[in-house]
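Next come two complexes, and both contain subunit A; in the first it sits with subunit B, in the second with subunit C.
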Partner chain A sequence: MNPLQHTDPMLLPAHFLHSVALTIFFLPVLTFVILFFTGKHISTSWRSWLATSVVGLMFILSLYVHLSVDVPIIARWSWFSMGTLHMTSGMVLSSFTTSMLVVVTAIALMVHLYSMEYMKDRRNHSKFFPYLALFISAMIGIILSDSLFNIFIFWELVGLASYLLIGFWYQKKEAAAAAKKAFLYNKAADTAFVIALGLIFTYYGTTELTLLRTLISSSSILVPTGIAISIAVLLVLSTFGKSAQFPFYVWLPDAMEGPTPVSALLHAATMVAAGILVLIKCDFLLVEQMRWVLVWTGAITALLAAIQAIRCYDSKKILAFSTVSQIGYMMMAIGTGNTSAAYFHLGTHAFFKAGLFLSVGAVIHTMHHIQQNSFKNKIYLEVDTLDIRLMGGFRKTMPIAFYAYVACYAALIGIPFFTGFLSKETILASLLQNPTYSIPFGMALTTVGITAYYMTRQLYWMFLGDFRLAALYPSCKEEQRKIKENHWLINIPLIVLACTTLSFFVSFHPFHASDIHWMKAPLPIVGGSTSIYLPIASISITLIGVLLAWSMASKEQLYNWKQYWFWTFVQQNYGIEKAVQFVFIIPSFLIARGLTYLDKIIDMWVNAQAYLAVLLAHIVYAIDRFLIEGVLKGIVFLIRIVGSSFRSLIQGQVQSYISTTLIVLALMFWWYLRQLH
Partner chain B sequence: MIPITLYFIVGAVLFAIGTTIVLVRRNVLFVLMGIELILNAASINFVGASQGDYIKLSGQMMTLLIIVIAACEAVVALAIIMVLFKKAGSVDLMELKKLKEF
Partner chain C sequence: MIYDVIQHIIQSFPYAVTEIALVIAFLVLMLIDMIQLKDKALWSVVLTVAVAFYGAGEELQQLFDRTSFQEVVYFQHLFHRTPFTLFVRVLILLLGALSAVYLYLSPMGVYWKNRGETYLLLLAIIAGGLISISSYHAMPLLLGIELMSIASYILVAARITAASGEAAIKYLLYGAFTTAITLFALSLLYPTAGIHIFHPDWATQFLESSFPFKWLVLTLFFSGLLFKISLFPFHPWTPDVYQGSDWSIIQIIALLPKMAVFPILLQWAALFGAIDVFVGGLSLLVLATIIVGNTAALHQSNVKRWVAWSGVAQTGFMACTLVMTGDQAQLSLLFYLIVYLFSLPAALMILDYFESKYQAKEVDNFNGLGKKEPIGSVIFVLSMANLIGLPPTAGFYSKVYIMTTLWSSYLEQDEILYLILLLTAVAATLVSLYYYLKIPYALFFKASEKKTILTSISGSTVLFVILISILPLGIFFQPEWLSNWLRVIVAFI
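The block that comes next holds the complex of A and B.
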């Protein structure tokens, strides 16, 4: 067959809603430009209010668009043409994309409100809101685009924005390293995206997803099976990078070096959601052979990340591992073909994970204030303000953060009447439907228990018991008494996000999610209630996890526990980095070293040639210098001798000139006369 | 009619005297006078050579021309000598060796 058969997609006129959606997309671009270039020339509060109100406007517009959309409407316009090649870019508005738009803008609004207070006195503030705006606009681009090529551009922009925000406090060495790590792991995965894009364009002739869907479903273009599988493999690989799946997920725990609101946004709405979103959009490209890879990777990632969280003391890293684990569930759902379950979990996870990050961030904010205040009293506490070993007792001092945390916690571990329960049940049910996936199902169920365990442990150490920082540093006792609730700008997002984790927010039936009303057009949720035993099993496993954690946590040795080799291995990310080191970095260095030697040999050859040329030049120079120039100089010397001998006769005297002239004249006359005769 | 040879003899004598003065005397003023003598020798030769040429009188005309040129030349030469004296402080030709190259 002849590849490169470019299909010219039909251009479709834009609906009024498309222009509204474009406005939503361009508003943060505008904020980015304004805030980035005005920089420090406008005050912190102005900057914060501008960015936040723009996001609020975006949220309202998104709601409007979501409520107005009935059937999917597509607009497609010409992007650029090169010769016979006409590239188009399209925008699709369906209940899927617009509800995602609402989720992203809602989370972004909460994060913005929160950041106004949280980031107020932090370093480098003038760059924070522009970067957030860039992040959000890129994410909205991914959501709305219909062309895979456009999606790729926004995909890379998301990568850039995450790099800038993870390394936001780039003066800290760890933050800069984490940003670099995230960027490189993502780029390694993005290479797969580029190749997939090239293959799709070569074999299908278009990157418009709507067209591709019809082309594939009508099988009007026959593509070799190998190519179809390669496209699926590459697409899946690229999403593994962005959505932090095994083995690419190691960048995500390190990314906790960024500010907490950024972590909330990155985990809930923008970065890791992008991979799942693209997979859901490209679901028709995933061939059957690829499905089990997704299920297994999701199961392995979910389990491994959950195990890592068990012995983690960094309050944000625990949440990071739980995100990795939850994204693993979404991968499993996509693998089983139940993309709506994946999307459902993505939506619920976005809210409760943002809530978790923001409530933990509120505690960290307080811890940070304690550190700063004691620094003002000339006591420098060299402590990690993220360490849960130093927290405790915040239940009484910061009840709003505590209750928000508890609500989101309940949603995450899957307690009935909370959203997380419903979405997790759907995924587990769809796994259970396929008997070949019994082992991944077992792993997923185990992960439910482990999730309950580590989250309860975090809850216990962070909010219950005594304030251990004060116990360790008696100088903090005074500060401990002063701990109070945070500013309302921090608390309002917490309250709102805690409310969204209640199950009636998505479904009126507490045990069954067949009717997800905020998605409007209900997505076909398969297997919402396959068996009554599944919820019972998962609830009991959750309860076992919670009780186990409750009994173990009080006995846990916080500082000098015995370090088994297994936990060392777990804490080193299962040696993924070491494997990367051995498989990629060391061989490339070896190749580089070999090439250096080769280069040196080539250099020697080149140098020898150069030496030869120089030698030849020296010989030519000698010939030139001594032979040719010598002859010339000899002639000149001769002429000079003759000239000076004549000149010495005259001595500059006028009279001797005249006499010489006369003598010569006389001689000439004499000669002339002699000639005459 | 004076024979033409006499003219030429007088001219030659004058030329010889002028040349000798030019070559021997060391004062520039005398050298200038010698040059005048040489010019006069030439004029006498012209006058002598145009003997019998009553219509055109080309010899006499040339002589007039030479006198005028001599006057001009004397003026220029005297000016040069004055400047020379101002600059070099001498009119002795043995001391004026500026034309020598090295």
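The block that comes next holds the complex of A and C.
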């Protein structure tokens, strides 16, 4: 076959809905531009209301588009031309992409409402909403684009926006470091995306996904098996970065340094969802061998991250590990070929994970206020407001946050009648159908139990019992009495998100995901539980986890517990960073040092040459000085003599003018006479 | 018989409508000068520019008329009209308008712009140029040249200072001398071939004539013309006259005569370009002009003398094209003329400004002024680049056209003189680099003697200078724009 061919995709006219979708895409871009450049010149409340109302409008438009789309419609227009190369950009509107659009805009709306209150008095507020707008518009770009090339651009923009938001409080050293870490791990993975993109363009001649799908399904282009495998490997690697899979997931727990609404958005709808979304879109590019890798990586990630959450005390990090673990489930689903299940879990997870983050955020917000108020009373509490060891007792003081948390918690650990149960069952069922995946299935089932364990533990320590901060610092007792429900702007998103975790929100059948009503996957959902034993098994494992946590939690030594080497190892992210250090960074430095020595040797050689050159230059200088310059000076002297003689000939006397002219005329006369003869 | 003659004369008037308009403007200006008007200077300059534009419009209308392709001889074989003369007349009128604007804006020219006779004499010079370029016969040519010359003498003298008086009397004496030679040559030319010098048969008659000294006579006849463009050996007046005049006057006597006289010489060059004696004699003069102009300009410390000598050097470059034949040579001359004459006022205006503000008469007075006058200095550097022939200015193409034409002429005719001219021109360009960059060097690299606050050039001056500088810059990026146009015009010579 001949590489470097170029397939000119057919241009397709845009439907009315495409312009609506483009409006949805460009609205946050506009918000970004306006808010970024007006900056501090407009007031905080104006800024918040503008951004939030724009997102609200986007949500309504998304609903409209979703309800209007029936069969997939594609628009494709010319983007740019270079010589014979014509790049196009395309937009695909199907019930799959538009339902994702609804999910993203809905979560974004909730997060915006929440942020209006949560971020109100925080530092650097003027940059928060523009960055958020950038984040959302980039994500919408990924959802709607039909061209892998465009997706890559938005992919990078998502990376940039996440970098800006994770490091939002960049004055904090940890926040800056976390942003850098997220950025670098993502970039390392993105390199794979670039290479994959290049390979796809070289061998298939186009990056339009719709076109690629037909090219591959009709086998009209035969690509060497090695290349096809490389493309799949590279694509999967790049999504491992963005979707935080083993071994790239270490950036995600650190990313909790960002504001809580950002974490909610990042975990639910934008950043980590992007990787899964791209894999779902590029499903046809995955070869068989890669599916196996996906299932195993997913299982390993799910298990490892869940184990890490067991001994974690940071309220947000627990949720971060649970996200990594849940994304592992989605990877497994894609690996088994059941992309619809992956998408279904992505959608349900988006809602309940956003709910979890926001309800935990509500508690953190209160904790933060306690810290601030005592600071106003000249008492500085040097405590981590995210630490669950200092919380407790919020069930009574903040019931809305508590019940919202419980609803989302139930969805996450897979209690029946909640959405998480349905989607998790679907994934487990599709794993069970393939007997080669029995070990990953076992790991997934174990993870279900561990998830139930660590979530119950978090529930217990955060909301039940006594308020331990007041026990440690008696000065906070006064503050404890003042704790009350948060502002309605925080509570409304919590209530809405809690409602969305109920199973009828996505499916009317409480135990089977076969009749999903609005969250349309690219293909109809297959599977669900084939046998009655699977839900029974998972429910009982969940219950075991919950009970175990309940009984263990009260006994858990919060401080000074004996540190086994195993837990140290777990808390150090299983040594992934150390491995990166040993495998990449230290060898790079060694090579660099070696090259420095080499450079010094080269320098010596160059210096020797330079000395020689200087020596030669001295000789040449001598020649130049005495020989050439002498000649030059002679010429200048000659010209000067000639010039001054002309000048002196006619020094201002009209007689001399005339005599000069006459002499010349006489000379010419003589010249003519010579010509005549 | 008489009736026919009168009829012919009446029919000739439409061709002279510009000259008539100039005469009317002349009279009106005289009236304006006599009654004490409040904004006399403004009225005068507006009238001058208006009549110049009116004339240019008339000429352009005739030029774009299809009937202008044919030569028209009018006023009893005294004048003729071809597309080429029409084109040159347009250029003279536009340059005249530019001169009037310069007069009004010149920082040193307060004396001149409030005196009515300045504009009268400017109109006379424009009229002289028009008459001489249109003439078909030697007499109107001589009259036109004399009209320009005499007006110039008065302009130089009109300041009534010792310096200007001295310059004017030198100018007059030398001019009278050249006119005398021309008249003498005319009397010798009359029996040789007659003096209908632009008649198609005249050249054949001249060539067939057996008069042994006919070429010398022709050279002598040219002396009046060469005096106006200050070609060697008729150049010596230039530095002294320039030194004794103000910048407003220099720009008139340096630009307008060149615009009129070079095209006249070009018409002859087209006739005699293949004749060895003509080419040989003229080449020697051109060669001498280039050498004399460039070497003398090297060591001038006085700015006006330096401008004068560099003008002589530029004349030498332009005159290179007169010794060649062919459309390319004619095109390069017109290109050079337009670029040079329409961009030189910018440089003169800046020098004018520096003299009015810093009494900068010597090159040393410019030391360190670049930091105080950034805009003016940068534009000055640009116009110097234009005169040297460096990119990004149209002067680059002017020089390139002339040198490539010399080279191709050398290749075609294998005449060693062309090669010598080419080599001299290249060497002279290198030498000119030195003297043209003398003032920019002083502006930017030498320390200032006096401490003055940072000021910037006045608004109207900077506008004038920038507007003029657009031309060489624009033509550099699109030289075909001008040369394609000229290619059409030179076909009619």
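Criterion: the second predicted complex is superposed on the first by the 610 of 677 C-alpha atoms of A that agree within 3 Å, B and C clash if a C-alpha of one lies under 4 Å from a C-alpha of the other, contacts with A are read in each partner's own complex, and residues count from 1 in each chain.
By our rule, contacts are C-beta pairs under 8 Å (C-beta built on N, C-alpha and C of every residue); 3 or more make two chains touch, one makes a residue touch a chain.
What you are looking at is a predicted structure, and each value in this text was computed from that prediction instead of being measured.
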**Prompt:** Looking at the overlay, does A:Ile602 come into contact with subunit B only (first), subunit C only (second), both, or neither?
**Reply:** neither
**Request:** Look at A:Leu590 in the shared chain and tell me whether it touches subunit B only, subunit C only, both, or neither; answer first, second, both or neither.
**Result:** neither
**Request:** Classify the contacts of A:Val654 with the two partner chains as first (subunit B alone), second (subunit C alone), both, or neither.
**Result:** both
**Message:** Under the stated touch criterion, name the partner, subunit B or subunit C, that contacts more residues in subunit A.
**Reply:** C
**Request:** Figure out whether A:Leu665 sits in contact with subunit B (first) or subunit C (second), or with both, or with neither.
**Result:** second
**Message:** Taking the stated contact definition, name every residue in subunit A that is touched by subunit B in one complex and by subunit C in the other, in rising order.
**Reply:** 647, 650, 652, 654, 657-658
**Fill in**
The residues of subunit C that touch subunit A in their complex are 169-170, 173-174, 177-178, 212-213, 215-216, 219-220, 223, 232-234, 236-237, 240, 277, 280-281, 284, 288, 291-292, 295-296, 298-299, 431
**Asked** What does subunit B use to touch subunit A in their complex?
**Response** 19, 22-24, 31, 93-94, 96-102
**Prompt:** Which residues, counting only subunit A, touch subunit C once they are in their complex?
**Reply:** 639-640, 642-644, 646-647, 649-650, 652, 654, 656-658, 660-661, 663-665, 668-669, 671-672, 675-676
**Request:** Note which residues of subunit A are touching subunit B in the complex, please.
**Result:** 647, 650-655, 657-659, 662
